[in-house]
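Below, each structure is written out as structure tokens.
Heads up, the next two complexes both have chain A, just with different partners, chain B and then chain C.
The block that comes next holds the complex of A and B.
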């Protein structure tokens, strides 16, 4: 029956088929790469998170692991002995994200606006200079920071030159939280803090510890991250700024708007989709902070610079007690956290809403 | 026609058979190890080349990996792992449990010739699974100039913990010693202070799985080690102008003493040739004993190898008398795992490094049993806190003893 239908649709469906084949053919290489390196590992990690695999027992051996259900999540999130490890890492990571994302977004925007000015001489130079840290290997940048922030390094030297009475801060090994230090100025320390803060424990971490703020060592890592990412974000903002038609500005100028008004009422709203993009990238990137921590951490700052992504690595590749199952559960949990955070900020920044003109 | 076909078939089979036979003649072994210094890598390559020379039928494909731990773990996971590889003492329990190590029963040549404490580190229930290739121990480094300046006698064989503390105190408070120079560089690392714990007669595992890590002797050991930093007569290396480790703080002359391993010898000789220093055995504990730690690595045969005979031949070549001798005469930081080659190492390295060799007699490999990872994690956290003076040794050790006992009960 079907074969007797008119030739035209037949030809049409043939063309459609060909189109589909070539379409799939074109995306196949990218799809395969995405599938093998992104999608498949996601599901494999999800599966391993339900096992007690140690990451070493050959998967080809008879019983490399047992299915343990949600036990790893229980160990990690609810009642395990290392539950404080996870929440400590989460606390550090949240402080890190909260410190890095707004700062880098704001500075990137300011820099982009500056290097977008027509009157600025040597714009090319500044654009290159600001972008340079982003294209430098993060390992190399970390090495430079290790040198700059060492106890006897240039940073401490410069501060001491300005303030002769300055006591060297060990930027890389100081575990004290910034908020704790701030409280310390008013004489509030772990010994004098109200009892409900030091005695109340949530997930085996006292309230007092929860409000520690990032440690000085973590702060140094945050400075590093901000410095390296600003360039990329700046380029994105710069492209968006150059896309804003000049007649909008001309109209505003004719209406007698001041520079500040133009920036607040025109530039910022028109940049909203870009801000959404920059903040999303920032959130995802910072929640997964790993290599900067890997390079700048020290055994002494193990706790105060532990990020969730580093905890995944540390659990999976521990020398004496590797736990791939638990590490996978940590990774899946991090995925869910990032997923939720991205949706929340989509609501807040509203990147999907059309720009009100 | 059919005859021709059969003949051709027979010919093809004959050729392929002879090919098989030829293939069986040369055996290829995959050998993996981690990368260390250039000189040590070159020495490993030379050893393998010598083995291939002596065994023309064995072809070795050597991989010296800069990211060995991650790479070999991935190979274990896939089930496609090398025939022969190196294993560190901390990895051993979990690798044994994962079933990737072949038993050395009846395969190891002259195991009696290896330091028993080292072979024990790689044995389970009396069977060795891996043959130690070299090892290191910890000893007391002291800066002769700082001792002289403060008028303190050099450490002797009779030195006790109290003597060591008194020396550090005198040097730290001496007017003849520059400000910022301390008596003792004390890394916040269990792999430094545990030697004092073992030296005071403590067995962490205790009896019946109930840990004695919070026994009075253990508390005394940590009180001793942490008293340097908490009383200000010693400091962590990072507090000594941001030194990366004990060796650096000591080399820069910022600490009069430290506890480090023989790997620091080459570093100090190369980077601080002006430094006037010596080495002594660790001081005697109140129990009248010495305790130090050993760090060792071994050559293992993969359980999945298709050529166990050849693989063990290689391991025996690398770790036997000749192998130990080549480790010794190369004169690296590490010492040969066989006492028979100890003298050769001292000849190559210098007789003054005898304390490291003597340490082998009473050294313990600080490896906790499998399944006690939570204990280890808590132990490292607490060590940091105690050395920083944020927690008392008693509090910390009570806490970790409880964790140990919990784990034991769960596993029963």
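The block that comes next holds the complex of A and C.
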């Protein structure tokens, strides 16, 4: 820490004051920017979430909004007109996070372990190939997926070439849930499902919809996210693997540990901080999924690909009915959800238990 | 786990040992198979995008898999504007006759893309320069200078790192609107001119270099500012390069911030925002425009990536190890 580093060569108070002035001066420009455009907005969002401002009436006009207390949160979370919007977006987002984060972490770890093997040739090539998608814009990647997964696109073409009887899946416009489709294989559809599933509603969304999983369109966005991110995660894991001193492995080998034992009992626990980092990054990123939804959205899939982050934008800048107050409340709620999720995973991954994948 | 198990396994006598012996022999094959498969999945989309960006619309939707260009350049529309090249006329098996039609349309007269590209360069370069200066100044102050509030500010910066961007969307829009900075270059530069990640990166770097050199210069009578710019910054080149790359890449690809800061004036768009215009809405997509735009957006980053590849990978590893 800085307090230890300044082992003052000059002890008089004048020099100390000068150092303090330099310190404040040096940090001031960056701090001003962070304060005005990162910290202050946090409070502004909190404040506006307690108002009924619609964004139309100029803030300079007299009484542009009223303070309405927690009414927006009530509208959103408890029983108001927008609960189904919010919980639908939350359901989609949670499925998205739960699908993407473990998958990308596991794939990245497997790839890193293989790339780290001594016998591997072409390490640089593989690392470059895996990392390359991470440098492209999320918008470009969405464009590419728009093309790849279109009805007549290469993905459907490739599947048809492998399985001649394949019926084209409209990856980007199919609203059916994955789990719904899976049940469908056994003849269980919304019509034949037990009544308590289709009749019971929680926050105006039927139980059947709650459990029917991410839509095919959302699933395509999940594939996109995994495809883009595994490279970065792999590079992080690889660096951590290369940081494990070889004598640790040698000692274990002398003790007669098998490769699998070494991996489970030594490598994985030593990678725990890295796993924590990778999962935290993954959680923060995926809970805010926005760009891809913005690009791949379609009138048909509006509901089934709606994420909480996109709902914030959509509520705030809706052309016919903008609601800044409500959107702020949505954003604050998402902030709290991300915060809680990060802490929870810290207890899960960062705890004393060994990491078993 | 006993010492006895090891020689047995090595000799391959016990059942367990034989399994692992076998496993060790085939593991490289499985390993290569997995890596090659994933590499194929990661690279093919780019190859197909590049190839199809040189086709006419009908050929893109009908024969997306043809990826080898011939030397026979064609035009999508005949000069008199009457005839259109059909998909079958352009593609022959894996081969296709390339066209620059998509590129001509997005770069030609009246097109917005050159403006968006220029904006992107301005945003990315300006923010990079500002961050190099502000982040390293702040990082240096946190790492080296003793002043009241130092530790507190460090935790503030750490906290800022955890603020999700979505929460900032609306307030930033409102504040820029009030300040009259919406849809301006300065609005963009100011909002993104310093970042917590960069400050922490620089702080960490300055803590890792010995402080004797700068102290010597300082004692010799140079001012703090002179010492910083003449002595300290040149020593920090590796960290500055990493910061520059991260910052440039982040802004080149930035969508969400740009959408808020300059999203309501098309002449201020950057390339990612511009691509959404090319995409239009719904499923009626002009793939030749979309793919050509994607290629133009990606090429500069790709070149920078291949030139500075070492720094990209090192930077990611470095930021990862912090966590």
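The rule is simple: the second predicted complex is superposed on the first by the 320 of 357 C-alpha atoms of A that agree within 3 Å, B and C clash if a C-alpha of one lies under 4 Å from a C-alpha of the other, contacts with A are read in each partner's own complex, and residues count from 1 in each chain.
By our rule, a residue touches a chain if its C-beta (ideal position, glycine included) is under 8 Å from a C-beta of that chain, and two chains touch if they have at least 3 such contacts.
As the structure is a prediction and not an experimental result, all values here were calculated from the model.
When the two complexes are overlaid on their common chain A, residue A:302 makes contact with chain B while staying clear of chain C.
Of the two partner chains placed by superposition, chain B and chain C are both touched by A:59. Ranked by how many residues of chain A each touches, chain B and chain C are led by C.
When the two structures are aligned on the shared chain, A:246 is found in touch with neither chain B nor chain C. Legend: residue contacts after superposition of the two complexes on their common chain; A:172 is shown touching both chain B and chain C. When the two structures are aligned on the shared chain, A:321 is found in touch with chain B, with no touch to chain C. In the superposition on chain A, A:150 makes contact with both chain B and chain C. Overlaid on A, the two complexes show chain B and chain C touching the same residues of chain A, namely 59, 150, 152-153, 172-173, 298-299, 324. Of all residues in chain A, those touching chain B in their complex are 54-61, 81-82, 85, 150-153, 170, 172-173, 175, 298-300, 302-303, 317-324. Contacts from chain B toward chain A in the complex involve residues 69-70, 73, 76-79, 81, 88, 90-91, 93-95, 97-100, 188-189, 236, 238-239, 241-242, 304, 367-368, 370-374, 376-378, 380-381, 384, 388, 403, 406.
Of all residues in chain A, only 1-3, 5-6, 8-9, 16, 18-24, 26-27, 29-31, 33-34, 36-42, 44-45, 48, 59, 107, 110-111, 114-115, 117, 119-120, 125-133, 135-140, 143-148, 150, 152-154, 157-158, 172-173, 227, 230-232, 235-236, 238-240, 243, 253-259, 261, 273-274, 276-278, 280-281, 284, 287-288, 290-291, 294-295, 298-299, 308-309, 312-313, 316, 324, 327-328, 331-332, 334-335, 338-339, 342 touch chain C in the complex they form.
Across the complex, chain C meets chain A through its residues 1-6, 9, 20, 23-24, 28, 31-32, 34-35, 38-39, 41-43, 45-46, 48-49, 52, 60-62, 64-65, 133-135, 137-138, 140-151, 153-154, 156-157, 160, 162-175, 178, 190-196, 199, 207, 211, 215, 219, 224-225, 228, 249, 252-253, 255-256, 259, 271-272, 275-276, 279, 282-283, 285, 287, 290-291, 293-294, 297-298, 301-302, 305, 309, 312-313, 316-318, 320-323.
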